[in-house]
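Below is one structure; the comments refer to it alone.
Chains here go by letter, A, B, C and D, matching the order in which they are written, and residues are numbered from 1 within each.
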Amino acid sequence: VTTSVEPAVVIPRPEEFAYVFGTRPPLGTIRPGQPLRIFTEDCFGGLVKTTEDLPSRVCDLNSVNPVTGPIYVQGAQPGDTLAIHLLSITPTRPWAVSATFPHFGALTSSHETATLQPPLDERVWVYGVDLVTGQVRFQARDGRTVNLPLAPMHGTIGVAPAGGQAISTLTSGPHGGNMDTPEVRAGVTVFLGVNVDGGLFGLGDGHARQGDGEVCGVAVEAAMNTTLVVDLLKGVPTPWPRIVSDQHLMVVGAARPLEDAYRIAHVDLTRWVAELTGFDELDAMQLISQGGEATVGNVCDPAYTFVAKYRRDRLPSHLADPYLLAHDQLRADHAH
Amino acid sequence: VTTSVEPAVVIPRPEEFAYVFGTRPPLGTIRPGQPLRIFTEDCFGGLVKTTEDLPSRVCDLNSVNPVTGPIYVQGAQPGDTLAIHLLSITPTRPWAVSATFPHFGALTSSHETATLQPPLDERVWVYGVDLVTGQVRFQARDGRTVNLPLAPMHGTIGVAPAGGQAISTLTSGPHGGNMDTPEVRAGVTVFLGVNVDGGLFGLGDGHARQGDGEVCGVAVEAAMNTTLVVDLLKGVPTPWPRIVSDQHLMVVGAARPLEDAYRIAHVDLTRWVAELTGFDELDAMQLISQGGEATVGNVCDPAYTFVAKYRRDRLPSHLADPYLLAHDQLRADHAH
Amino acid sequence: VTTSVEPAVVIPRPEEFAYVFGTRPPLGTIRPGQPLRIFTEDCFGGLVKTTEDLPSRVCDLNSVNPVTGPIYVQGAQPGDTLAIHLLSITPTRPWAVSATFPHFGALTSSHETATLQPPLDERVWVYGVDLVTGQVRFQARDGRTVNLPLAPMHGTIGVAPAGGQAISTLTSGPHGGNMDTPEVRAGVTVFLGVNVDGGLFGLGDGHARQGDGEVCGVAVEAAMNTTLVVDLLKGVPTPWPRIVSDQHLMVVGAARPLEDAYRIAHVDLTRWVAELTGFDELDAMQLISQGGEATVGNVCDPAYTFVAKYRRDRLPSHLADPYLLAHDQLRADHAH
Amino acid sequence: VTTSVEPAVVIPRPEEFAYVFGTRPPLGTIRPGQPLRIFTEDCFGGLVKTTEDLPSRVCDLNSVNPVTGPIYVQGAQPGDTLAIHLLSITPTRPWAVSATFPHFGALTSSHETATLQPPLDERVWVYGVDLVTGQVRFQARDGRTVNLPLAPMHGTIGVAPAGGQAISTLTSGPHGGNMDTPEVRAGVTVFLGVNVDGGLFGLGDGHARQGDGEVCGVAVEAAMNTTLVVDLLKGVPTPWPRIVSDQHLMVVGAARPLEDAYRIAHVDLTRWVAELTGFDELDAMQLISQGGEATVGNVCDPAYTFVAKYRRDRLPSHLADPYLLAHDQLRADHAH
């Protein structure tokens, strides 16, 4: 996994997937700037294939949401930031699945919001995935179908946390993780603060598409072939995950209750815009209050997520910013 | 206020504004189908005009967020629904204001999320409003400006609640109220369940524009001239506010914590889509999980709001629905 | 209702109960210092008498939680505080009831925490109430019984709010209301800030006893004969309900999520202890952090409640305090 | 660490303390029934000794809340439960400390509930600890003192979680951890479900005392000498931490928002009481609703905690229960 013109390739063997973000032997090592092509399995480890394969029966609950990683980035040290630029995310199969899962999701009581009520029925939906037309096909029990646009993304992307923690791939935090936001799609750069040598990033939980908030707790889950390239921002710490696209600055906050995810994201976005523009924090907050956007990631995982967004074309004249510079350079370097 | 070809007109005298939604003598009476033109004052009662006019000094806190109303709708009875179709919302002045307010907003402790910390500084921003270019102009302390698109909306629209309650215009609930969502804009129809004879609706709190979540607690506040027409859905109860646009079905949920606003909106949207399509609730939830959208209204008022949305063109063949029919008819009847 | 040696008596006719706290014609008028004897009906209006009387069938949902009031207190003006000293609370019947109610309670989804799950079963429990032994008797479906100590209290006590609001007796806030805390029992003084002339207080929702948090949403509900005496603290504003007993200072906070009720109560208790002792706020917070107590009121109503408590014998030498003085004087004046 | 009449002793060297609960080489191994005497350092690693030692200056933030452990229990396997009976908890020094810490605590914005406000001042309090009089002495800035009862407890006690996770000792969950409840005191038995071979428990974070909710985020922090004895319940899984005392059954729930901690604890307590008594779940919930108690643990850590309690003498005739039997046997075996 070390040459440079050809992308490095990581295709884990079944027993090699990770279920925590933490310090463990890397699956591979890359140099900053070196493209990487990886395979990610779906959140059910590929075990749910038909409407008969109820997740609670076919899956081992300690082995859901497998992540491909960790990948060691040469030169990455605590206090740096990884800039993970996603070049492409492509479903590997002509189908994908969703499901209800007992006591999981936004519209049911759950292990955290516990009640004495029985769970909703467990059910599996198998979606057709058509790369040519760019659509996924929902099919209801009565056979009727609805086509929705294919919009591939990774629900889970993160680095090893600090202090010797090993955090389940089912949740999210300052290290990234299971953020479940559609903003992590091809064309964006995800910025994650490095906590341990090499950063040790991983990703998985591909979604062929997902609605805002991932209502039922499960998206259109798909194995993915993903290409990415990682750059390194030396000496730039990143407290919460940031994302830059051609259009937006974004920050992801993760917490419960949901307003705290919103607050985290917006406090950090406010400070970022203040630094970028030279405005004081109140001016930056005011500008975001009127010109900002916000999208909800998930309202089902152990930590809910919210993305605070601000359009780049609504910034006044501004200073050089390492995140914007890195994204724009990565974008330019890897344009087709 | 009773003729029919000419719109009825309601321009309250200063002492006539309402600060609660409840049963009180109406400002006017309209017949279903009769257009209405009203004036709404801004949330500060027009008293904040310059950066020197700090709201906590110039405003009486029991008289903020004035609403024009209540308006009595002939024939409306408990168990019916008002369909309030907004034809136009136009700022009346070439300026609008925003502000920080002590211990109010998403990024400060507040009266509800109380801490021992002092408040953020109180500050006023005066925006230029240009109806010709369709822009509002933010100006920072250092004089730099940023133009943002004009996008007029009403933060507050509601009816009298049940059971003799009189609910402050600062909060929201099943009766509507201070929802503070940009989805209440010209071209949509807002559906509110009737609790008392005549419905007794009112509206106010015009915003020249607002970001997602109204971060600082105050939008670009503007007095408005608004035209609307009300239709009546007899025998159709509406548990939470619904909105129909040419593109979307929407439900507004209002609660704290924020996830509960999300849940309320999505439970009702799920049931609506289930009824509309004939899908069972799990199929409807699944479809919304993957194809749904959600926008946050406010994360600052006593009740936070979330809007669950679903695109009409992502519905399969569906049954006649009184909300869609009413919107489409109102739209057709009042097209220019 | 105006003589002074004999207690004034208020026994409402069925149609006279109140279902909101707001400005309305008073049921009676008292002078400060004049004892008052009132009857309060149970939260179901006395309509649930047997295990067959399911609340959702026998009750009109706009007429639950009747309050006896409002009572006008001569001389009370906005900015003053009512000191309502509870002399005795006595169940009027040898039975009391509890119930589950569809989608209401802490261990079920609810109208606010909405899910797609069906409700728990609705069931009624009839308790024996024995004033002689001081016990209430729970009986399970299988006939076994458990005796629990009789501990009468009022779930609901409040005043008219400011700004023309009329707030449902089902919820609570700065005006008091449906706080559902066992701390409102005979021997304590409840302090409520006055918002309108006469204060217009009322009370109801007697509980023969209640566990911490009112898990199922309904306590051991009982009609009560209650005697009280009201004193007036002129020029003393009270932002949130305070309670003084012979042992404790207490503040009630009401909000969602539950931590916000806790915060409100503790911020106000901190400031109260700081004023009382002359400590700065950090010292007062530190002392409460280590020596304070906190009891949860309800985790089921529209606003959850928490009571922050501090033992009077853990105060250092302290200043005269109008709340402590008023309680101690009322206690002395009305000792048997 | 293997003989049996004499207690095993574990006194970690400074570099041996643990900052996560996870699978790592044990500090010692014990047999069920074998007493254990351990030393635990305070949450600041003993580095805060005077009012000049501000925690944010003298502590490394990745090395706070050291835990003595893990301890391997012979024979413990996933699906079993550890019964950790606390015989004594004794402060080792004549002083203890508390502090405010920037953006930590219930009455300030925090990393999770983020705002743009600056933190409260950081301050240290040094308490006198008097084992003879059984008191701790608070001293205010102005020199005045208040004595409070000594009431030693461990804020943190837990086992290794499942699935390869390593969870920071600053938070809590099904594995126990930083629950910060005064119910973990000498005389009780703490039951924790085993997830990995040997269970791998640890404890620390001694508090000389703590108020309900740990308002300021820091208790009266003290190094402790603690003796305990561990029993093993083979084949008994325990989903959330349970505690049995001579008076009470208890369950600890850990979550945000605070009502979810309350719900988790009460759902599990309801099921426990139902199993124990043979009541159905609704009868058990009803009994707890009226006869139950609940104490708040912390309202400051990453997961808030609530303890649901039920008095043993309020149970009807009941079945043998492994938790009660284990506690009573441990109590009898180790009575002085």
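Rule of thumb we're sticking to: contacts are C-beta pairs under 8 Å (C-beta built on N, C-alpha and C of every residue); 3 or more make two chains touch, one makes a residue touch a chain.
These numbers come from a predicted model, not from an experiment.
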**Request:** Please identify each chain that touches chain A as well as chain D.
**Result:** B, C
**Fill in**
Check: interface with higher C-beta contact count, B-C vs C-D, is C-D
**Message:** What's the distance between the Cα centroids of chain A and chain C, rounded to whole Å?
**Reply:** 48
**Request:** Would you kindly tell me how far, in whole Å, the mean C-alpha position of chain D lies from that of chain C?
**Result:** 33
**Complete:** For the pair chain B and chain C, the C-alpha centroid-to-centroid distance in angstrom is 35
**Asked** What positions in chain B touch 2 or more of the other chains?
**Response** 107, 113-116, 120, 256-257, 263, 267, 270, 282, 285
**Fill in**
So, in the complex, the side of chain A touching chain B is made of residues 98, 100, 106-107, 120-121, 123, 125, 127, 136, 138, 140-142, 144-146, 148, 209-220, 256-259, 262-263, 266-267, 270, 277-280, 282-283, 285-296, 299, 304, 306, 314-317
**Asked** What residues on chain A touch chain C, complex-wise?
**Response** 107-109, 113-120, 257
**Complete:** Counting only contacts in the complex, chain B reaches chain C at residues 19-20, 22, 62, 111-116, 162-168, 253, 255-257, 260, 263-264, 267-268, 270, 281-282, 285
